[in-house]
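Presented sequentially are two complexes of subunit A, the first with subunit B as partner and the second with subunit C.
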Partner chain A sequence: MASSKIEELKRKRQLKNKRKKNQVIYGGVLIFIGIIIYILLLKNNFLYSVIWIIGLLIGFTLQKSRFCFTASFRDPIMVGSSSVLKAVIIAFIISTIGFAFIQYNAIGGNTAIGYENIPGKIAPLGIHTAIGAILFGIGMVIAGGCASGTLMRIGEGFALQMVVLSGFIMGTVLGGYHFEFWDRFFISRSKAIYIPEYLGLPLTVTLQIIALCILYYVVDIYQTKNNMMSI
Partner chain B sequence: MRVIEKIIKKPWPYIAGGIILALLNITLFAFSGKPWRITTGFLYWGMGILEVMGVDHLDWHYFTVNGNQLSEGKTFFNNEYTVINLSVMMGASIAAFLASEFKWKRIKNRKQLLFGLVGGVLMGYGSRLSFGCNIGAYFSAIPSFSLHGWVYAVFMFVGAWLGCKLLFKFLL
Partner chain C sequence: MLEVRIDCMHEACPIPLLKALKKLNKMNIGDVLIMETDHSCSITNVIDWAKKQGHEVDYAEISDGEWEIYIEKRQ
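Showing the complex of A and B:
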């Protein structure tokens, strides 16, 4: 009886391994489909075709590196590990430099040109920013994934993240529906703060990189002090 | 060949992920004029579904301010958000299949389902207030030198802390 059970388990594992080997073919099929979609987009909309390729690479990178923004905030709190957060900080240092070049290219030194003319993600700052961020922070921890993580896990076959995505869609629609209230009392009364308007682009870039380096250093010390994994 | 196999089969270090994602975001920004964003695409899908269901919503205040209206020639399904969100999912699938890591994972229990749904709604609602999610209001906002990105980071941390408390209390 026991030995037959072991035999069965062995057989199951073998089946599993076989299935594992077969998956590469599906990957190939998906790459093929991805290329076909790329060609179709290329014919109709060049920009979409570029976005398509970048998106594929983003998804690939997210999956390979298990890059998870939720973990970058959750792990330092729950288990004292900050290696993901450190990687996020490195990403910020690189993109700070890249974004600075793109913005300088577009507006030169004219940082007071008006926010709608500056490329990038510049948005009004106020109480709504804090409330939205807190809601998002709670949501991402209890749902076990943020926006990018949800997309990635759906790609990996997680059913739960399909539920998270439907919740996400409902939440955005609800937020859009209530937007008039938030806009009237908070958003329309606040303004965006583009730091280079006050400090100039070169100084802002320098200060931001210094701040990020200090943050990296602090997080690194925190990790060596609190990492429960290493105990 | 062995190097390629290693890249495809083995997981990458976090740092490599961070560096590549930053470079991809810069490339996207340089090409399309806009850095990476996700959640507005979710709103558009939701609005598209409402549209199919026959709900009239074009007079919503949201679509009259802050440049939120759909640009010329775009619909709630045909826009750059749809392109990038679908391709991110597909890219993750490709990576998972090539490493033979793809697996249909079912939902464990009702509690997990509830937490997933509520968490999703909270994230979606929050993203409207703060003009983006962890990507639009954080990953793409801090390098744009907009102060709201930093404020967002601080309060997302507060939210994550509260979320951890809830997790400890109800789920673990």
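Showing the complex of A and C:
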């Protein structure tokens, strides 16, 4: 419950509110375009039509929930609030279970079918992973959004993110340009690690879920104890 | 009671929060900070932070995609 002062200010503000534009027509046109694209995709490529619908739903969820991967990793340190980080951990738990079923269907108990045949990107792990993670972490905090957050905010009308998107495209092109260098010196020399190969899929999934649950409780304790940037 | 208004239009997280923090530092208890922003992330970000600090906080959408966040300094 907000204080009376704030209520008063809000009421005053509401009185001189400019009337909001009616956006029902724009919404209708967009839904119409969306359906047309869906029908076109359905005729040409069934997989793309499914991805189109899933993409729209993910975008809608991101915008309405104000979910932000950047905020989830930045705010615990900067602000001391970790509700979004907890949401990310829960999402990891759910996707761990989902991926367990998908991978179980694909490998059918035989983990030796080759990494490229297992769903989910199993890539070599090495120093390049750490360098990339640090670069991406610095970049997303300065830019105020990761890839999904940037796209979602452009759709929302936040113009700054268009600058971020052009930077994103430039970076991706440059990255593709000297990917060969990284591949030759780091990626091809590192080893891909797929834990189910050593422990079996059920045990790996159980261990991962336990680890994520422990993380969740650590974050929960951190949130109640931590009070950074207090005045 | 003093009303302080800061303009955080077109600024991405976490700049609005840092601006609010600096302003609140200079304000007295009972003063209200009014923050204008068009960054939807600020709503969760600033409000979470202000609540945790024990301030009174609320927000209103004043136009399409533009919000005002009200923070009453409490400590």
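In the analysis below, the second predicted complex is superposed on the first by the 204 of 231 C-alpha atoms of A that agree within 3 Å, B and C clash if a C-alpha of one lies under 4 Å from a C-alpha of the other, contacts with A are read in each partner's own complex, and residues count from 1 in each chain.
Note that in this section a contact is a pair of C-beta atoms (placed from the backbone, for glycine too) under 8 Å apart; a residue touches a chain by one contact, two chains touch by 3 or more.
Values in this document were obtained by computation on a predicted structure and should not be read as measured data.
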Subunit B versus subunit C as contact partner of A:M78, first or second or both or neither: both
Subunit B or subunit C, by number of subunit A residues touched: B
Which superposed partner A:L174 touches (first subunit B, second subunit C, both, neither): first
Which superposed partner A:Y104 touches (first subunit B, second subunit C, both, neither): neither
Touched partner set for A:T96, first subunit B, second subunit C, both or neither: first
Which of subunit B and subunit C A:A133 touches, first, second, both or neither: first
Touched partner set for A:G144, first subunit B, second subunit C, both or neither: both
Partner chain in contact with A:L56 - subunit B first, subunit C second, else both or neither: first
Partner chain(s) touched by A:Y222 [first = subunit B, second = subunit C, both, neither]: neither
Interface residues of subunit A shared between complexes with subunit B and subunit C: 20-21, 23, 63, 66, 70, 74, 78, 83-84, 141, 143-144, 153, 156-161
Residue ranges of subunit C touching subunit A (in the complex, touch as defined): 1, 3, 10-14, 17, 21, 24-25, 30, 32, 34, 38-41, 43-45, 48-49, 52-53, 56-58, 60, 62-65, 68, 70, 72, 75
Contact set on subunit A toward subunit C in their complex: 2-3, 5-7, 9-10, 13-14, 17-18, 20-21, 23, 63, 66, 68, 70-71, 74-75, 78-81, 83-84, 141, 143-145, 149, 153, 156-161, 227, 229-231
Residues of subunit B defined as touching subunit A within the complex: 7, 11-40, 42-43, 45-47, 49-50, 60-63, 65-67, 80, 83-107, 112-113, 115-149, 151-164, 166-167, 171
Of all residues in subunit A, those that touch subunit B in their complex: 20-24, 26-27, 30-31, 33-34, 41, 47-48, 50-67, 69-70, 73-74, 77-78, 83-84, 86-92, 94-96, 98-100, 102-103, 116, 119-125, 128-144, 146-148, 150-161, 163-180, 182-183, 187-188, 192-196, 201, 204-205, 208
